[in-house]
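You will see two complexes here that share chain A, one where it goes with chain B and one where it goes with chain C.
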Partner chain A sequence: MPAREGTYGLLAEFDTPGDLIRAARQARQDGWRRLDCYTPYPVEEAAEAIGFHRNKVPLLTLIGAMIGGAAMFSLETWISVLAYPLNIGGRPTYSWPAFLVPAYEWTILWAGLSAAFGMLALNGLPALYHPLFNAPNFRNGATTDKFFLCLEALDPKFDLVETKSYLESFQPASVVEVEY
Partner chain B sequence: MATSEVKQVDPGIDPATGEFRVIGQGQTFRSVTEKITRIVLTPHTPLGWFAYFGVGGAGVTVLMVALVWLFLKGVGIWAVTQPVAWGFAIINFVWWIGIGHAGTLISAILLLFKQGWRNSINRFAEAMTIFAVVCAGMFPLIHLGRPWVAYWVFPLPFTMNVWPQFRSPLMWDVFAVSTYATISVVFWYIGMVPDFGTMRDRAESKLAQYAYGMLSLGWRGSVRHWARYETASLLLAGLATPLVLSVHTVISFDFAVAALPGWHTTIFPPYFVAGAIYSGFAMVLTLAIPLRKYYGLEALVTERHIDNMGKVMLATGFIVGYGYGMEVFMAWYSADHWEAFMMWNRMFGPMGWSYWVLVTCNLFIPLTTLWSRKLRTSITYMFILSIIVNTGMWFERFVIVVTSLYRDYLPSSWGTYYATKWDYMTYIGTLGLFTFLFLLFVRFLPMIPMSEIRTMLPAAKIKPKAVTEAGD
Partner chain C sequence: MAHDSHAATHARTLPADLSAPAFVDTWKMRALMAGAAFTVLAALLAVLDHSIDHVLRAYILGLTLTWGFAVGGLALLMVQYCSGGKWGLLLRRPLEAMSRTLPLIFVYWLATIFFIKRLYLWAQFTTESSTAEGLRAGLLTELQAHCLDFKRPMLNPVAYVWVCGLCFAIWGFYAWRLNSLALQRDADSPENTPRWIKKFENISGPGIVIYAVTITAASIYWVMSMDPTWFSSVYGLLYLVEQGFQVLAFAIIVTIALSKAEPVHSIYRQTEQHDLGKFTFAFVMLNIYLNFGQFLIIWSGNQPGEINWYLDRIRGGWGVIITLDFIFHWLVPFTMLLSRDLKRNKKRLTRVCQFMIFAVVVNQFWLIEPSFKDAARNLHFSWGILEYAAVPAAMMAFWVAFFCTRLKTRALVQTNDPHLAEILEPEHATA
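Let's turn to the complex of A and B:
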């Protein structure tokens, strides 16, 4: 990531999820697009409020599932029919009902790994650094009991003074500037 | 009614529903976080922890001794020989895997059914799954005779050009158990990532901050991240559900596919899965009851949890009972001489005592007493019962393995089975290993999922008025 300087954004702290959602919805309505909410537990309504409705995790999982299942079934077929055909009690070398079991397990294995690692990748994690951790009140609250709204400096509407008073109109517990 | 009297005196009961509360009264986001993180982040490890850790460590030592001798001498030190070629190793394998299944049931199936009460017990039940699978997975490997070539079970390109045989249930086992272990670990870890974030932010020592910081992967609680996280959790739960059912089904195929009286039956898959969940819930109780007492978690793991687990055990216990009944019925109804003899021999033969231990521990004691709500919420009784059911389920596997094998078709090949001290040492050793790993987990990782508990607190309820007001 290129080194950046200056302000990352303004961070407003709220005490209840309701206050956060109200502020986030209003900000989104007022045309803010570079904004994010931070909560100590999943608050679906907050994601809805900032216009985040869909994600690609299910698609990745489906792709993983199909690749996993197809890979194992093909491997079993190749091994049993071509690479190392064994006559086990006269059963056909292409014993597809028996092959279904490992193929089924691999479908689940690769679907699960795709869901977990796909989710992390889409989230941009693992991340060793994030400017928000520079905010003095973020670490004490965001993973425990406080609700944050961050309006980011990359948004064209951003102006340090005006945005600060805009955020203060939501009556947050505090508004702080976050540096890179 | 008796319950209305209880309602007034017991603060653990919610007057609105008449049920025990899932979370004790008066908890806040911060108090819950404090309670759970303090167990791990305190510099003062309780003395009792060291005591139990010592016991677990002693068990691990016993296991090491048993394994070293096994690798030096070979599987001949065990009692396995003809006709009982599958002894303690397979019994313990099935028993441990079965115990693991309740963890997945709690973390995955109950999540899909939106059973909020599971949140408190989900994390350590999942940990129990992983450590049980560790213990289970060891047995087929050490049972191989040549454990150093265990990697031959995987379809890897060797210079000898030998490939595995995919029509064998033992091969299916490899994929079922390895997938189960992997998905359980991933599900467990992903579930802990937000909690590692909390630990990182609450840790005071530099080492803890770094360690939990790395483990948390930089989690910062963005609602976009949470949305993907929730989707991934639901998908993992949806995937783990058919997985857990398939794992014990595949394990039951190890038996059911063989043409042996007492094994060759179609009831095995559902009966094994139900038995697995039955014994697994018993193990969750065995672990949860001392933990909540010892760490003062009565507000988070309440009587409601104990009560609900009792109900699940009652239901699965009846399925298991149906399985036993159906085995007896089919032995008669099939009119198969060998099946009928096997059943008679299982009940009244030289090892008949083991069948009656199993029936007493798994059916008579639990299925007569679990009906009573008073007993289901009696902590002492449930602890004792959990030990009884675990014993009973171990004997179930003993009965299936040994009493089917030791007298099969030909009387000239009949034999018997007496476990040696090495068998017992290996079994006790895995109990020690399980305790050892579980205590490490309790000491270093958050044993109750904080982020999931927070969603259940009253403060997490969003007043609809506040939200709609803003929209217009």
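Let's turn to the complex of A and C:
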């Protein structure tokens, strides 16, 4: 992909999560679709405010869990029934109660790994570059105590002057333009 | 900082009247009517069955069920005093009310003293000579006679009365102490709240340990000793987890129902409901973990003295019940509570919680009924088996009625708590 140039978007900084959510909700209501919220800790209402209700992490976790459980159970069954059918204490070779514990552990392991890596992949991580880090107040605030709303230039409603005054109507601490 | 005031202006305020809403009285009336109806049904079934044996067995199920709510409620109250968390503020008064139903459980238990001979072998054969005689007459197997003699120091009628009496005294002490201190805390000035929090923690911490020991003793006497040949060191923990399971389910049902009206309406948030759903999910997992762990150990050992307990409960049709128990007690709550949307939905979460309490009854039925000679490895229909529905339903209904009177006696929201201000805020302010 060729390097993009020009304006990435306008970034408004807020002091409280409540202010951010009110602004984000209003912007979504006013028809904005290319917008994002940035907070130092998870604020679920911010995701809901910009219309981000669902993600695919639960589905990935479920698929991962089922694959893990089925894989281990099949492996144990194959080993004990087909590959090395040993008589252990007179029990049947297909002794499912004993198979359940490792199968369960693998279910958990695969569910956890799928959730963690699925989340990273769906977030577009690892990302080597993000234009927002060009804004000095974002660099310092987004991981400590500031709450950001970014209206992106890709949105058809975007206009440098009008959008700036629109964002200022929410009384943010500041509005800055962010370059690619 | 003009923006800081926003959170405060969006916060809800508590109503002036914090007492329980009027519909709690309607619950009480309905519960009393249901209790009367099920009592009549239980009597009718006993007449049809020409025996009260099953009434007595089902009575033990009713006792463990209601005892689970009362003493389990006390335990969860102590846990939330130690763990903190805003969910605790939401459940505190319902849990206190559950712990104050202990007198009714004590009365339920007192009645058992008069019929232990019909339920427990250790109450019939109280001396070594009587077990020897029972063995000769073919009333006991060799294993049973041996176990009865070996366990006699604990399993005898005198110890039954003393140990259970002591357990009730201990639970009563903790229930009284935590309930009376909670009122004093509310009457005190808010500056002393940190001291109160410490105080509740210091009482509850050791209380949880003592609770675990006492319910182990009680569950051994009431249920486990129906089969004197059964040994399992995890038995008390199974009941501990079962109580957490049923208490959370019941507390969620009550809180959601109360949230329709003030004062709970203004402190009720989806965030805490979601947390409680997750907490319940943990107990669903822990329960299957311990139950399956016990099974796996006995299955691996494959000892003739140990496996009978499971064979009694798997063969002769009981396999159907344990399969249903697995589905009701684990599979259904597990798959349902896995869903985030369900945990955040009042109506559906209530349905799942009601189903979980039903599953507890099925599980107890599977534990109790096969302990007796006529039912072990032989699941069969008799009018008496329906007592397992009628008797616990009646006892539970009377317990619910008593619980409603307890709920009415004090304000439903504890005001001297630092969490109160937070729980009144909009959900996103304190993520």
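The definition used in the following text is that the second predicted complex is superposed on the first by the 178 of 180 C-alpha atoms of A that agree within 3 Å, B and C clash if a C-alpha of one lies under 4 Å from a C-alpha of the other, contacts with A are read in each partner's own complex, and residues count from 1 in each chain.
Assume contacts are C-beta pairs under 8 Å (C-beta built on N, C-alpha and C of every residue); 3 or more make two chains touch, one makes a residue touch a chain.
What you see is a predicted model; the values in this text were computed from it and never measured.
Undergrad: Should the pairing of chain B and chain C on chain A count as a clash or a fit in the superposition?
TA: Once chain A is superposed (C-alpha atoms), there is a clash between chain B and chain C.
Undergrad: Quick check for you: in the superposed arrangement, does A:N140 touch first (chain B), second (chain C), both or neither?
TA: First partner only, chain B.
Undergrad: Check the contacts made with chain A and report whether chain B or chain C touches more of its residues.
TA: After superposition, B is the partner touching more of chain A.
Undergrad: For A:F14, is the partner it touches chain B (first), chain C (second), both, or none of the two (neither)?
TA: So A:F14 only meets chain C here.
Undergrad: State whether A:P42 touches chain B only (first), chain C only (second), both chains, or neither.
TA: both
Undergrad: Taking the superposition as given, does A:L59 touch the first partner, chain B, the second, chain C, both, or neither?
TA: A:L59 sits against neither chain B nor chain C.
Undergrad: Once the shared chain is lined up, is A:G112 touching chain B (first), chain C (second), both, or neither of them?
TA: First partner only, chain B.
Undergrad: Is A:L154 contacted by the first partner chain B, the second partner chain C, both or neither?
TA: So A:L154 meets neither chain B nor chain C here.
Undergrad: Looking at A:V81 after the superposition, I want to know if it touches chain B, chain C, both of them or none. Which is it: first, second, both, neither?
TA: neither
Undergrad: Under the contact rule defined above, give the chain A residues that sit at the interface with chain B and also at the interface with chain C.
TA: Residues 16-19, 21-22, 41-46, 58, 91, 98, 101, which sit in both footprints.
Undergrad: Which of the residues in chain A come into contact with chain B in the complex?
TA: Per the stated touch rule, the residues are 16-19, 21-23, 25-26, 36-47, 50, 52, 55, 57-58, 61, 72, 75-76, 79-80, 83-84, 86, 88, 91, 95, 98-99, 101-102, 104-106, 108-109, 111-113, 115-116, 118-120, 122-123, 125-130, 132-133, 138-140, 142-145.
Undergrad: Which residues of chain A touch chain C in their complex?
TA: 14-19, 21-22, 41-46, 58, 89-91, 97-98, 100-101, 171
Undergrad: Okay, in this complex, where on chain C does chain A touch?
TA: Going by the criterion above, the answer is residues 1-4, 6-7, 10, 292, 295-296, 299-300, 302, 340, 426-429, 431.
Undergrad: In the complex, go through chain B and note every residue touching chain A.
TA: Interface residues on chain B, with respect to chain A: 28-30, 33, 155, 161-167, 171-172, 175-176, 179, 182-183, 186-187, 190, 193-194, 197-198, 200-202, 217-232, 235-236, 239-240, 242-243, 246, 250, 451-452, 454-455, 459-460, 462-463, 466-467, 469-471.
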